[in-house]
Amino acid sequence: MNSLYLFLFPLALSGMAYLSGKKAALQQILALAGLLGSGALLYLANSRGLSDQQVNYPWITSLGIHFSLEINGLNFWFLALNALVCFIALFYHINQASKNLRPDVVVLIFGVQAILNGVFMAQDLMLFYFLFEASILPVYFISSRYGSPAAERATLKFFLYTLFGSLFMLLAILYLYAKSGANDFLFSSLFADNLPAETQGWLFLAFFLAFAIKMPLFPFHSWQADAYAESPVESTILMSGILLKMGIYGMLAIVLPHFPQGVTDYGHIFMGLSAFGVVYGALIAMVQYDFRRVLAFSSLSHVGLIGCGILAYSDVALEGVILQMFAHGVNIAGLFVVSELIASGAGTRDLDQMGGLSRQSFGLTVFFFIFLLGSIAVPLTNGFPGEFQLLMGLFGYNIYLGIFCGLTVIFSSVYMIRLFQKSMLGLETDGRAAFPKLNASQTFSLFLLAALVLGLGLYPQVISRISNSAVQVLLRAY
Amino acid sequence: MNQIPEIIRVVPVNHYVLLASVIFSIGILGVLTRKNAIIIFMSVELMLNAVNLLFVVFSAYKSDPAGQVFVFFIMAIAAAEVAVGLAIIVMIYRRMRTTDVSLLNSLKG
Amino acid sequence: MDVYFFLAKAVIILLIFGITLLIATYSTYAERKVAAFIQDRLGPNRAGPWGLLQPIADAGKMFFKEDFIPANASKWLFIAGPSLAMLTACLTSCVIPFGGTLDLSFLGISELVPVQGIDVNIGILYVFGLVSLGVYGVMIGGWASNNKFSLLGAIRAASQNISYELAMSLSIIAIIMMTGSLSISQIVADQDSFYKWNVWRQPVGFIIFLVCAFAECNRTPFDLPECETELIGGYHTEYSSMKLGFYLFAEYINMFVSSAVISALYFGGYHFPGESLVAGLMPAGALGHNLLTLMGILVFFGKILFFIFFFMWVRWTIARFRYDQLMNLGWKSLIPLSIANILVTGVIILFLNS
Amino acid sequence: MQLTSRAKRVSNKKLSLGERLYLPAIVGGLGITIKHFFRKKVTINYPEEQRPMSSVYRGLHVLKRDEEGRERCTACGLCAVACPAEAISMVAAERKPGEEHLYREEKYAAVYEINMLRCIFCGLCEEACPKSAIYLQSDKLAPSFFDRSDVIYGKDRLVQSMETIKTAKSLKSGLTTSDRYVDKVFKDGKY
Amino acid sequence: MVLNLFYFLSFLAILSAIMVVVSKNPIHSVLYLILTFFTLSGHYFTLNAQFIGVVNLIVYAGAIMVLFLFTIMFLNLKDDAFTGSRVWFNLSAVLLVLVFAGILVVKIIPAQIGVASEMEFNSQIGMVENLGTTLFQHFLVPFELVSVLFLSAMVGAVMLGRREKGEKNF
Amino acid sequence: MLSITILSVSGLVLLFVGFLNKISLSRSLAVAGLGLALVALFYGNQNVLIPADMDTQLSFDGFALKFSALILVFAIFIVFLSGQFLRKEFVQSAEFLAVTTFSLVGALMLTSFTHMITLFVGLETLGISLYILAGTDKKSNASNEASLKYLLMGAFATGLILFGMAMIYGATGLLDFQAIAKSSKDSLDSGLFQIGVFFLLIGLLFKVSAAPFHFWSPDVYEGSPNVVMAFMAVVVKIASFAALFRVFGHYFSGFSFLWWDIVYYACLASLIAGNFLALIQKTVKRQLAFSSISQTGYLLFAILVMKGNMALDGLVFYLFVYGCSILVAFSVITDWFGTRSDITLDELKGASKKDDFGAFALTLAYLSMAGIPITGGFIGKLFLFSPAMEAGLVQLLIAGILSSVVGAAYYFRPIIHVWFSAGQPVIEKERNHQWIAFLGGAMLLVSGLFPDTISRLIAMM
């Protein structure tokens, strides 16, 4: 039952947020409740045994669509990350905009949380698709409404791209449905029998397209930088922190186990492309002058690595994928929060006009540095074990590819250090207003993230213990 | 009285169908090429008449009254349509002083 | 069906045609005479005894006048107008049964020959069809003249004819319901005794029909299409010579046909009171039959002549309507009345049948 | 204010149903006209028949001669002066010796013309004439014209013809209209 | 004899139908259309469908076309106003229709169309009694519903054609 | 049949009530009549006034009931929407409402015909009433023109349909669809039958404005008064699809080899033409018109599939959702812009600042038309796509999917304008039809989140 609660709980919070209107304190409590509640639910689920948590109700009877949710080893950490990232986004928003709080943003973020929980837990392919598409809407609205003037265009681009991809997924789902002859969309019945190789090929392509656009992997990424740069930071956090994880989850839950033939046929092509994306993203990130664009391209680079890892389908790599997925979510959320705090303090996002901030806000500098380390995957931070395992998997798959992707370790440190240098170090720019100090709740949220960065770097097994079995299941198809 | 009329014995029904089709095509041609709304409307009447001819012919050759009853309906309804249509054309002419459809361009189409 | 039958038919049709023309011709004379008499005058009396040659003189005058076609008129249509008017007027009389049947066995014709042009089973519809076409002559002529007054007259004529045609056909429907046939000869045959005349059974229908007949013929009080004070001459303003003659002539033919239709539909056609009595007095065989038919024909013509007279009589009694009054009468009185008439007739028929 | 007893008041009352049917009124009208149909006709077939004319009728003009056949007119012009329509014109001339049997006085009208389109047949010329020369006949009508040149009556058509002098009738026609009126009044005894 | 009559009527029908479309003057179009109706009525008469033939004349020639004529005269439409070149459009329309008619002809000529046999043939079906029986026994409901259509058309025609307050033109 | 009778009578009554010249009274009477007809549809004895043995050429089977109910429900709301139009622009309210009611008689006939005569009479009753309705805004040139264009094209299409019917009659000697469906093989093989089916199909495609026979509809939609356009987009679309489905999806499904390809390409063309042309439109109504063409394309899927209740219920569901969207969009637009019919997209800018509820409802409507989840539009598309997939129409589905991405691009333009664009709102806010927007929006959400409630209702009928 916890799976259902996990879906309904944020929804309920969303309703309460709507009712509580502009009262920042109340909203803050709700946000905390969201984090703690979700955490508690997950913890309980884990302690009582994940397999007991599924629910299955008929939803659209004429097509046999079920409202079927389940918590398992694969989605557990996605759910956890979801709770965390949404909490960060919410907390940031409530804090930052406490003077003119926008209740609709809070409502929508809770909505996103609920929908994403649904996506990760869905065991009915149509339900998955439904929530998968529905998840874009709230983010789209936040981005377009409160983004910069150019956000309209950028977010519409984001919307149309993802819609384009996911409609092919719909086609593939319908095909599967028509093919299976079973009158429902449950994973178990749609993927019951082995599909012929040729069919697997194009089904793979259809699903892969949807998820690759969402992540985004290299050739499908062109919406990303604009959307990240022009949206308000809340939705950027959501997009980078958790929305793109849907793509990863989809790859893991659907593509990898069910279309092995497709993966073997086409996987190497996309692997090559996303490996190229890894380097490409890193190189572009080095020359960007917009704080957020640097982060956007770094994200492209990291996600490319994750994509490679997925397609490499070895147990090491998949372990790494899940670790890196979680780590990336934490890091990127932290970095975006920091970047926004810097930008709002500096009054600009242009790196050339920053500098010397470390002298004004020591706390921020520390947090920035911690997330930076995590992002570069320095040992003892959370980025390290994941990236290490990913690279290992890639070396196992193909040594040249491994070497090529390994470059990212160097490149990421280059652009990250550049970022740090340009903003924090160096000379102070003249005539800037005093930099605001971090307040308590900002410190709290950043501290939470920083703790995770360091904690998971020290003790990554907590993640792999739960996900290990799931990874083994995934690999059974090969 | 049940003898078949001479015309039905002499003229193959296909001739009639051809005739009707040709008239129908001429009607379509009128609708497509003319610009005057009234003439377009008349071309439509021409088409309807071709259809009437078809129905009567089939009805006579097949000895089935339903076809002729259908013709009856077509005529009645065509009359109603003409009444409404001409009212519309008069209304248009009153405002725009023309019935030329190519001049009616307040809607871009 | 032998040759003689056709010949006899041909003769009858020719006769009917001739008589139609003759009566129409003399209607012009009668018109003037009746007008004169009603106005306490003598009327034409110079050409021939009692002026009987007057119509011929008029016709001669018409023929020899200058035939003028206006410069901007549409030439063909200008000529087509009066021709059409004349054509439709002349075609109508061939379905009217002027008498019973003739026994022409002495000519070798075995069948009885009805004194009727053609006995179609939809005679009434035929009449209406032609009446509705009659408008074209007027409209085309009026339009082709390229003259505002002509056009206005033509449009008036057309709208008047269309409006009254409706009430007219509706009033007929009651009769058709009673008779169960569209054939005029059938309707006449149905009124074989005096008390069965439709005028007694359908008084309202008769009045409606009569009024509409006046309007259809453009006779006073409905002669607005050619009302001089407003429209000079109406649709035939630009016409002269025999083309004008055709229009006028067509009007008289229409009057004749209307009278014939009224007599046939409502006054028993060639039947007359005491017919059976007379039939008993007649010698047996072909001669008696033919004599009786002949009497019928005479009676029928008597009725027709009376109605022609009635047309003229009314002309000098009632003043011309105004145009809106005309339309109001047609649409707001006659049509509802005739529909009500149909309903009542239907109810009565149902009641009688059950 | 009632000016005349023949004025009829118009009533605008609503027509009753019977009246609105019009049929009774129409039948009534038909009755009236058919009555006229059979009435005696009032037409007079003119050339063949003529209406009896009153003795005081003012018809076509005549220029009188006296008992000996001499023209009475002396061209004094009083008739032209009296004529309200200015229809009369004349040219005077002196009587030459040897013409005494033609003209009664020394002065006579060489030209005497009446424009019959102008003349209104009022008879004032007759009243004005001191010589009893011009009269309006009671038994002759001015004919209709087909040509404008026929309209002006000269002496050729106005002067009394010689034959009529002899007859007794001429005396009678020598009376002016007013004389004839007086005669008629006495004859009818309506005075 | 009958065959010739058929060909004559058909020739006339097609000719006048073409003239309807080609005539410059709308009045001429109307008159040619009436002529077409006459020829079609002629066909109906020869096919023993007298009632439909006469009704065709009464309804089409007698009522509908009078309305057309009336409107055209009323609006005083003379010739088509020539507005720009539509030659290519017209040519392509003609071509299209020709192709279309060609396809029809090709389809129709070889078509086997069922005809009633001598035994079951009834030459009286075009008579009023037969049509009336069919109409009022089998098609009474649609017949009644047509009245709804008429009412609607009547209301609409009056509503649209009526002059509003303040409109000056006729 | 009873409903048809009720509608006819209530139309008549409306005409007489028109003498009182009270718009609200007429309107409530019209609603009462429609409601009564709706009730009679389910609870009345359909043949109450007709002898039992009489063939009415109409059959109120389950199919007809579904569509008729849909038509009547939407018509009621559209009558409510018409109030402002009647008050502000147009005095002859009784006539307007009466003609609307009469047109519904035609619409109901189109859902229930079994015979060519009833199909034809229904088409024309609906058609002629619509020509009139399109021209009711006599003061506007656009309305007049729309009326004329609709008339000419409608009459032309009627001609085509009749030609088709005549040819089918010639081939089979039958006018009854059921009998035709059962008629012998050799009569169906004749060229005449092929021509007949072809023309009947083309004519009906004209009526549903499927590309490439769509060119009249944008003009007509744009020119007509707003409420009439809503009526056309909803009620008329439902009725003509009912007719198309009844003929081809039902009676003629046995000889799909004759018509299937044409519908296929028409579907493809509608999807492409509708969506791509809608991209470049500048006015709200014209955009909706092109979107309606593309919706026609989606709806044609149901006819291509033509088997089972699945496609039928999907069609009904989709029509229901589409109707709700149009209804919501028009109620909001009427609230914002009154009866103006030339609203450009730019005028929507910033509208949410003045009326966020309206903006929300409008957004829902457009999302639903775009087929985005949580609205009914998505479920509707799913219902249409999934049988199509089962029938193996993969290429067509790909076209459908690509075009719905294009569709989303233009459906989002009004949404963006309403919410995100900077700009002073030019709207005037009235709250006359908020309840319609609320109800419609709620229906869109309910059908998007709990589609079973709706589809069970549909299946029950």
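A, B, C, D, E and F are the chain letters, set down in written order, and residue numbers restart from 1 in every chain.
Simple rule for what comes next: contacts are C-beta pairs under 8 Å (C-beta built on N, C-alpha and C of every residue); 3 or more make two chains touch, one makes a residue touch a chain.
Everything quoted here is computed from the prediction, not taken from an experiment.
Chemist: Are any chains cut off from the rest when chain E is left out, and what groups are there?
Modeler: A, B, F | C, D, once chain E is excluded.
Chemist: Mind checking the centre-to-centre distance between chain B and chain D? Centres are C-alpha means, answer in whole Å.
Modeler: 75
Chemist: Just curious, how far off is chain D from chain A if you go by their C-alpha centres, in Å?
Modeler: Computed value for the inter-centroid distance: 128 Å.
Chemist: Calculate how many whole Å lie between the centre of chain B and the centre of chain E, each centre taken as the average of the chain's C-alpha atoms.
Modeler: 4
Chemist: I'd like to verify one number: the distance from the centre of chain A to the centre of chain B, where each centre is the average of its C-alpha atoms, in whole angstrom.
Modeler: 66
Chemist: Can you tell me which residues of chain B touch two or more of the remaining chains?
Modeler: 13, 17, 27-28, 41, 57-58, 62, 64, 66, 69, 73, 77, 80-81, 84, 88-89, 91
Chemist: By the touch rule stated above, which residues of chain E touch at least two different other chains?
Modeler: As it turns out, chain E has residues touching two or more other chains at 51, 55, 63, 67, 74, 104, 108, 111, 113-114, 138-139, 142, 146, 149, 153, 156-158, 160.
Chemist: With chains as vertices joined when they touch, what's the shape: line, ring, star, complete or other?
Modeler: other
Chemist: Name the touching chain pairs, please: which are they?
Modeler: All touching pairs, sorted by chain label, are A-F, B-E, B-F, C-D, C-E, E-F.
Chemist: Under the definition above, what is the set of chain C residues touching chain D in their complex?
Modeler: 34, 36-42, 45, 207, 313-314, 316-318
Chemist: Going by the contact rule set out above, which residues of chain D touch chain C in the complex?
Modeler: 23, 26, 29-30, 32-34, 36-37, 39-43, 45
Chemist: Okay, in this complex, where on chain E does chain B touch?
Modeler: Residue list for chain E touching chain B: 2-3, 5-6, 10, 13-14, 17-18, 20-21, 26, 29-30, 33, 36-37, 40, 43-44, 46-49, 51-52, 55-56, 59-60, 63-64, 67-68, 71-72, 74-75, 77, 80-81, 83-84, 86, 89-90, 93-94, 96-97, 100-101, 104-105, 108-109, 111, 113-116, 118, 120-126, 130-131, 133-135, 138-139, 142-143, 146, 149-150, 153-154, 156-158, 160-161, 163, 167, 169-170.
Chemist: Once bound in the complex, which stretches of chain F touch chain E?
Modeler: For chain F paired with chain E, touching residues are 1, 4, 8, 11-12, 15, 50, 54-58, 92, 95-96, 98-99, 102-103, 105-106, 109, 115, 117-118, 121-122, 124-125, 128-129, 131-132, 135-136, 138-139, 147, 170-173, 186-187, 190-192, 194-195.
Chemist: Please give the residue numbers of chain E that touch chain C in the complex, ascending.
Modeler: That would be residues 27, 31, 34, 50-51, 54-55, 57-58, 61-63, 66-67, 69-70, 73-74, 127-128 of chain E.
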